[in-house]
Structure formats: C-alpha cells, structure tokens
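Have a look at this one before I ask anything.
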Amino acid sequence: MLERDVRRDFPILNIKVNGKPLVYLDSAASSQKPNDVLQSYCRFCESRYANVHRGIHTLGEAATGDYEAARRTVAEFINAPELEGVIFTRGTTESINLVARSFGHKFIKHGQSIVLTPMEHHANLVPWQLVAKAVGAELRFIPLKEDGTLDISEARKLIDHTTALVSVTHVSNVLGTINPVGELVQLAHKVGAKILVDGAQSVPHMPVSLRELNPDFYAFSGHKMLGPTGIGVLYGRPEILADMDPFLTGGEMIREVYLDHATWNELPYKFEAGTPAIAEAIGLAEAVRYLTSIGMERIAQLDHLLTSQALNKLSREPDTKVYGPRTQHGAVVSFNVKGIHPHDLAGLLDREGIAIRAGHHCCQPLMRWLDVQATARASFYLYNVPEDVDALIEGLKVARKVLA
Amino acid sequence: MLERDVRRDFPILNIKVNGKPLVYLDSAASSQKPNDVLQSYCRFCESRYANVHRGIHTLGEAATGDYEAARRTVAEFINAPELEGVIFTRGTTESINLVARSFGHKFIKHGQSIVLTPMEHHANLVPWQLVAKAVGAELRFIPLKEDGTLDISEARKLIDHTTALVSVTHVSNVLGTINPVGELVQLAHKVGAKILVDGAQSVPHMPVSLRELNPDFYAFSGHKMLGPTGIGVLYGRPEILADMDPFLTGGEMIREVYLDHATWNELPYKFEAGTPAIAEAIGLAEAVRYLTSIGMERIAQLDHLLTSQALNKLSREPDTKVYGPRTQHGAVVSFNVKGIHPHDLAGLLDREGIAIRAGHHCCQPLMRWLDVQATARASFYLYNVPEDVDALIEGLKVARKVLA
Amino acid sequence: MSDIYSEILLDHYRLPRNKGKLFQETISVEGKNPLCGDEIVLHLKLDGERVSEVAFEGSGCAISMASASMLTEDLKGRTLSEVESRIDQFRHFIREGAEPEGESLNDMISLSGVAKLPVRVKCATLAWTTMEEALRQVAKK
Amino acid sequence: MSDIYSEILLDHYRLPRNKGKLFQETISVEGKNPLCGDEIVLHLKLDGERVSEVAFEGSGCAISMASASMLTEDLKGRTLSEVESRIDQFRHFIREGAEPEGESLNDMISLSGVAKLPVRVKCATLAWTTMEEALRQVAKK
C-alpha cells in the first residue's frame, strides 16, 4: 500500500499463530512496535541511560537532553502551541485523571455541568462521574444520531452557561465516528467552558494540529501509535495548568520542601512527579519520527482505504450488522454476526491467525445504546494490507460454519 | 567480586566518558540495565505483544499471561503474602501517592497523626503534607540521632493512639541508614495504626520478605533494581485495599459502567486503570530473575563491602565530611569536601569518567538537618568493583587540586 | 493454543443439556460476567442433601454455555458436599490445565485449553461460580 | 562534553571580581536556585539610566559564582537598556552554545559548554535571572 514495505519493520508480523501467518487487526487496543522504536529504546539504555534532571554527570546530562528532546518531538508532532504544556503521563487514562483531579475537583463547581457523549471510553467517563459526584456537578450527554454520529444541534443546547467542561473523544474506538472537535471547541469556548479531547484514537491515525483545533486539554497514549507501553501525553494550556493543583507529588515536581509544606516547580515539571518513564519517552519520540517519515496524511489515507473495504465487505456478509457511520470513519469497524457471540468470533478467527477484539471495548454505556452485550471489532493500521480484510471475511465464513 | 563477571552483562559499562572508562556511582538515582532485561523487553514486543486482559486472541492471551506471570515473579521476590496485593504502578512515587489519595484521604481523620521521619524522600513527605492539610491531621517526625539513625525511644512516644499511619523509608537514599522497619511495624500495629514502607532503596539491595516484615503497604521502583523505567510496585494488604476508593479510574479497573455510575473490578485490577506498562512489567520480572540468579544475600554483601571501603577511605581524606551511620549502611555514601560545592565535585569527577550525584537528593528537609545546601553522593550496585572506590578517591584528589 | 472449539464443546453448545427452567425448583441463582456480558441462571431442585435436578438458562459465548451444559450433566444427582468438591476440582483443573486425580472430568476435559487463556477462564467458570453461590444460599436457609 | 572547568572559569571562581557589598547602593536583589541551593545577592548602584557599580555576594557552585563574577565585569557602566539586551544575548548563548553576532561575550565564552548540560544551565543563568529581576524592580520605582 505504501511505497515502502513497512511490514518488514515490524518483526511480530512474521510470527505464525496456530500455524497461520498473523493477521493483526487489533491496533485500536494497542499497536505493534517497529524495529526502530525497540532499537532506539535499547540504544538509549545501552549508552546514554541515567536518571533525568538531576545528575551532574555526562550520562545524566545525556538522558535529560534526550528526554527533553523527546518532549519537543512530541510537541511538534501535535503542533502544540507551547512546549511547557506537554506533560508525559502513563497514557490517556492517566492524562484524563490528571485533569479530572487537578482541574475538575478545583474548578468545577456545584450546579455546573460536564458535557460528555455516550460513546466515551470508560477512561473519559468514570473520572467525570467521580468529579460530578464529589462537587455536585451534573453530567450531560450529547445524544447520538442513529448512524452513531453526534447530534450537534443537541450539543448546541446542552453546552450552555452552566457548562464548566466539555470532554469528548476525537474518534470513537467502537463506532469509528470522527467527532467535529473544532466545532465543539468553539461551542465550549463561546460559553466560557473548557474542553478536553481524548485523542487516543486520533493522534495515531491522522494529522492532528492543536494550534488549529485549539482545545484546552488533549490526551493520548504512546502504545497505540507504535510507541512503548507506559508512556502517554497530556497537553494542557499553560495558563490553566498553572492555576491547577499538582496531581502526584514527590520529587521533581517540587521547588522547595520544608517539613510542613512545599512549593511547586515550573511547568511541565509540576505535573511530572517522580522518575518518569524515561526510556519510554525516548521510544515514543522514535515512534513519532517513524510515523512522520511515512506521513500522517498517507497513514490516514491507508487507514481509510482499509476501513472502507472492510465496511463494504462486511455489510455484504449475511446476518452481519455493522455499527457506526459509513463515511468519515476512523480505523475501526465494529460488527456482530447474528447467533454468534463476538467472543466466539474472536476465538474462531484466532484459529485462522486473525486477531480481532471482542467485548465492550471499555464502552459499556455505548453497548447499551447499541443494545448489544458486546461487539466484534477489527481495527487497522499502517502495517495492514487489503489481504488482511480478505482474510477477515474468509475467517468469518469459517466461523459461521463451525458454530452453525 | 562475584563469581560471575556481571559487568559483561551491562553494555553501558563499556562506554567511555570524556575519554575515560565509565565509573558509574549513581545507582541510587537509577540503576543500569543488563542485556537480559533489554532482550526480554524486545523479545516480548517482537513476538508476544498485545494489550492485556481483553484480547481473545493468541497474542492477547500471551501478553496477559506474561504480564500476570510478571506479577507472580515480583510477588515471590518480595515474599508477598497475597498476589492480589501486588499492584503495578509507575514507581515508588505513584505507589505512595496512591496510598495517600485512596487510603489517606479516606481513612485519616481530623486530629489524627501521620508519623514520618526527617530523612524521607520528597515522595514520602509531600503527599502526606497534602493529606494532613486536607483532613486536618498532624505530621510528626521521629527525630534523628546524631549519627543519622532514628531515635526509637522517641518513636515509641510519637506513635500513639492518635496515629493513623506511620510512613518511613526502609533505607535512606542520603544517609544510608537502614531503619528498624520490623520494630516500627510492631509499634504501629500496637496502636492500631497502619504502616507504609518506602522500599525504593531496599528492594534493589537486600533480601526483603514482606511476610516477615508485615507492613500494610510497601512501595518500590523498577528502574532502581535493573528494571525498566515506567514501572514500579505497590504492595498493599488486600483487606485494606478492598476498603479503599480507586485511585485512577477508567478501563480495566471497572466492573460495570453506566452513564451515571460505575462499580469496581476485583484486586489488584481495581488499582490498575488503563493500559498498564506491559512490556515494562515483563522487563521488571526479568530483572528480578537476574537479581535472584545472583542472590540478594550476595548482592547485599557486595554492596556492604564497597560501601565500607568507600566510608573508610573517604573518612581518611582531608577536609571531607561523611554523613550517616558507620555500620548498618545501605549502598550509598554521602559526603562533602570543605570549600568545594558538591556540584563542582560531580562536575570535576565527570571529567574523570566518574558519575556521582550531587544535590539535595529530593531530601531538602534532611539537608537542613545536616545544615548543608547539598551533598555529594556515591552509590553502589552489583556491577561496581573496589577499583571504582579507588577511582572515586583519586578523582577527589584531582578535584581538590583544580579548585584549590 | 490447543483448540478450545473441540467437537465435544461445540456439541454442548449446539445441543445444550438441561437448558430451560425446572418445573418445581427449590432454588434459582443468577450469575453474571459483566466484563464480557455473559449471563446465566441456574435452577436447582433439591432432594434433602442431594441435587436431584439442575438446569440452566442464559446467553454468552460457546465456552460459558457449553461449560454450563456440562455442569448440569455432571452435578445432577450429587450430594451438596460432592458438588462442593467437584467445584474445587473443576476450578483447579481450569487453572492448571491438568486433570486432577480421582473421578474423571468426562466432557469437561475438552475445556483444558482454557487454562492457557487467562481471558477466557472466567467464561468457563461462570456456571461453577454461580453454583458456588447457590450452595451458599442453600447453606443460609 | 567540552570542558566547562576552563582556566578562565576557574580564575573567576578563585578570584571573583566585584565580590562584596557596595558602599552606597541603590538596589539590592536576591536570587536563589532552590533545586541546587545556589544563592546570590546582586548590589547595584545606579547613575540615572546607567549601572555605575555592580557587585555580588553568594554561595554556590563554580559555574554560578564565576558567571556572577563575569556578569559584574560585563555590565558595569552599561545603560539599563544595554543591560537588558545583554541578558537576552547571554540567555540565548547559554541555550544554543553559539556566540551571538555583535559585541563579544568575552570571558563568558568559557561557559559555552553549559549549553550541552541542561542541568547546569540554571547555575550559569542564576546571576542573569537575578539581574533581570533587578531591572523589574528598577522599572517599578
């Protein structure tokens, strides 16, 4: 699909699963890692490793330099307006929890509203339930239209002068819906509300420019974009971050500590307590370089092509229901085959070497909206090829035969 | 020192710093990584990688199996009484913050006391300052005797019926003091208080058995024990963990999620929200196997030998003050040379290829107790040899000459 | 991965034994695996200390449904204490993947592959955990 | 790492220029780097828009002290707006490691190695940040 044969860069694609070549269609859960990322991880540990920000020795300076360079690389990748707004976290979940705790508990007041959608991942729902309960705020949900897109006319009414925060996913990890984030940012800002965007499924798959989108917070995970586990990012607008209380406390995030009190370090360090995931940040920067070398536009095109093929072919399969919008679709396809539990679909496809995901995808409320217990989900990334879609369809036919 | 030449297992020890062979004496800040750990990290990513706990496909099952096996490996290493009490975190800092937030804010009441020591790392001080302030509890500090050991007779008085929690470091990262944790556990439990032990400097360097020590919480970091960055551990007694509120919320830690509320998963998953540091947990397990293959008793002996040599030789140097107790010493030696700022010591030693640490070591209150702005600190680990101590002493002589 | 979709398992899935309600049940217990949505209801008829009849209803994946079907076949006619030790045996088997000493597990042997699938252990044990809950309720009465 | 402990730097450290108080100062500002404990006080004597005298006191590492010594030598006699642009020049130099165009940085060139040492940039800039604060205070008066 791409000029370069990227599949060769991913050693795991050579393994056999149950005697069949691996067809990995679960990148929305987590992506595989290219050689470059693993090598840069090891090279760093083998020649430049030390703790950061404190060591006055060559390795300490090298590691600090690399870690801060990784921050710059990531900041440029998402076109962040300010470097000091880029905070390394473990992943999207920690990023959102940071905002819930340090912004939500402090700035969202009794009687105000937090506007979400029914398609949020639990990571962008449960933290707000707890904030709402603790401060006495109201949760509001922008309803979905039948095709799984947001009803923006309802959003216009729901986002009002009571709204303190809008928190929405950029791309749904179940429906594939790409939400009109730019518009939501404007709706939020018009009423003086802040907006957080969950970019877990967008940053890996499309060009994202925070300067253009202009959100107050943006969260994503390294492991879904070819990077290591254990690393993720929160972008926050520095003026807001400055007013927020710290999240975790300890070393690195402090300025002065006395027995009975302490003062905080400057941004972004105020929000990076303790030894960070140093080698993982460096691996993430390498993942960003890898993605950039291919080009996010090209990756988005490829994802789109594969997803469209899958949508088309799946819709033509008997007894198969496909969820989510038909156009403007992220790199995931959710579906169900009548009479077959998605777990069994996944289990039977696995016999053919095909890895899909089955379950609630951390979106139980959305499952209720779809009126299903679970869905099967195939998701795509730059190392997938049209043959993978064919394998999926063939696999489904086999599964139907086995369980018929 | 060890029968096996472990130095060959650490590729970074071959690098030259400023033209000199690296002498790495900063393991207390972070340890170097052996080949085995990096290889197991890469091998996992290259052949068994997927997200955990959710994928019904071969890779998902393999990754989940490896991740849970890593938990068992770590649990056995610290002789944890229950597997479900072993929670993966980013490191000691997150582990302690978890307890501060989920136990402290819920169970420590107005008028109760939290007993600490003046030698705590900021990670085991600042979180308790915030808890104390939020709930109206009192912070108490067990005073230090002149040699930098705890005054246990004072501890007996300070830990009283008002005490909700004792939180102490097992080994001081500045003084090297090994605290009588077993005794403190008994003092705490006698008055019905809970006790947290910061094991960041103990688990890497000595055999630790939680079944024997019997603490309620125990925290440590992977990166200080040959493991990857981005991974650490909190052990918590399951009965206590069960009553605590969750820390971070999102995927994985939930059981049922509705639009307006959610229920929690069982232990330890209740405290592991979101995609964990999967490959890092697997790397940590490999580090544990590496340490075990050498034997923690042997490592403790080696550390002790090197530390004693350093203490002896440094005390004989002119104008040099060594801090901390002379016996029962962890693998760190803090010192100052009159008239030379520790930053300059570190900078000048670096010219000779020697990496030591200089600063407040995240222990500003202890610096005040020592009445210094900073100290120089050399710390040792299994890859160090007596020649490293000699190099340090030689380096100091050069530094004195340069700045005289 | 040894194939879990064996013919024995598929047979229980396609033609579940004892599926439905009982005419005169003494106890009926619900079990749920919220993480994957599987649901089951066990219906028991007790004859003193003996489970004289057992049936199930529910929906879920082939593993959870086949396992429930196997359970009903296996437990019917056993005393409560036999049921208890059978639950232990099954649970041990599912964790370790090796058949325990003593009485054969019969068709349940076909679930041995589940031991290597941590994610699906819960599917296989759902019916058995529900049975355990039933025992607790009986004990309370 | 290019050697930061050059002879020029060591000379300023061993024999600091303008160390001490001023007889008749108009302004005196304290700076602190809490993360490493370095402390400095700058004393200035102003003659209209011109810094006619500048001295420093303090304790810290060789880099922070030598940098303060160099600052006093460099800024003495300059106008406030010259001082301001000198601060910018110095800061740019310390970040990038390359000498800016225009007026030479003289002895301060010896600090070029600091650019590669993120941890020590704060030591080298402490005196200059303190001077910036002094300018702010002057402006307020």
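Here the chain labels run A, B, C and D in written order, and each chain numbers its own residues starting at 1.
We take it that contacts are C-beta pairs under 8 Å (C-beta built on N, C-alpha and C of every residue); 3 or more make two chains touch, one makes a residue touch a chain.
Remember, predicted model here, so these are calculated numbers, not experimental data.
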Touching subunit A and also subunit B, the following chains: C, D
Selected interface, A-C versus B-C, where C-beta contact pairs are more numerous: A-C
Centre-to-centre distance between subunit D and subunit C (centres being mean Cα positions), rounded to whole Å: 78
Centroid spacing, where centroids are CA-atom means, of subunit A and subunit D in whole angstrom: 45
Interchain centroid distance [CA atoms averaged], subunit A/subunit C, Å: 38
For subunit B, residues that touch 2 or more chains besides their own: 18, 54-56, 58, 60, 256, 343, 347, 350, 359, 364
Subunit C, residues touching no fewer than two other chains: 1, 34-35, 120
Category of the chain touch graph - line, ring, star, complete, other: other
Every chain pair meeting the contact rule: A-B, A-C, A-D, B-C, B-D
Touching residues on subunit B, where the partner in the complex is subunit D: 18, 341-344, 347-348, 350-351, 359-360, 364, 367, 373-374, 402-403
Subunit B-facing residues of subunit A, complex: 11-12, 15, 17-18, 22, 24, 26, 29-30, 32-33, 38, 41-42, 45-47, 49-51, 54-60, 90-94, 96-97, 118, 121-127, 129-130, 139, 141, 221, 223, 228-231, 248-252, 254, 256-262, 273-280, 343, 346-347, 349-350, 354-359, 362, 364-365, 368
Subunit B residues within the subunit C interface of the complex: 53-56, 58, 60-61, 64-65, 68, 255-256, 263, 265
In the complex with subunit A, residue positions of subunit D that touch it: 1, 34-35, 116-120
Of subunit D, residues touching subunit B in the complex: 1, 3-5, 10, 13-14, 34-38, 59-63, 120, 123
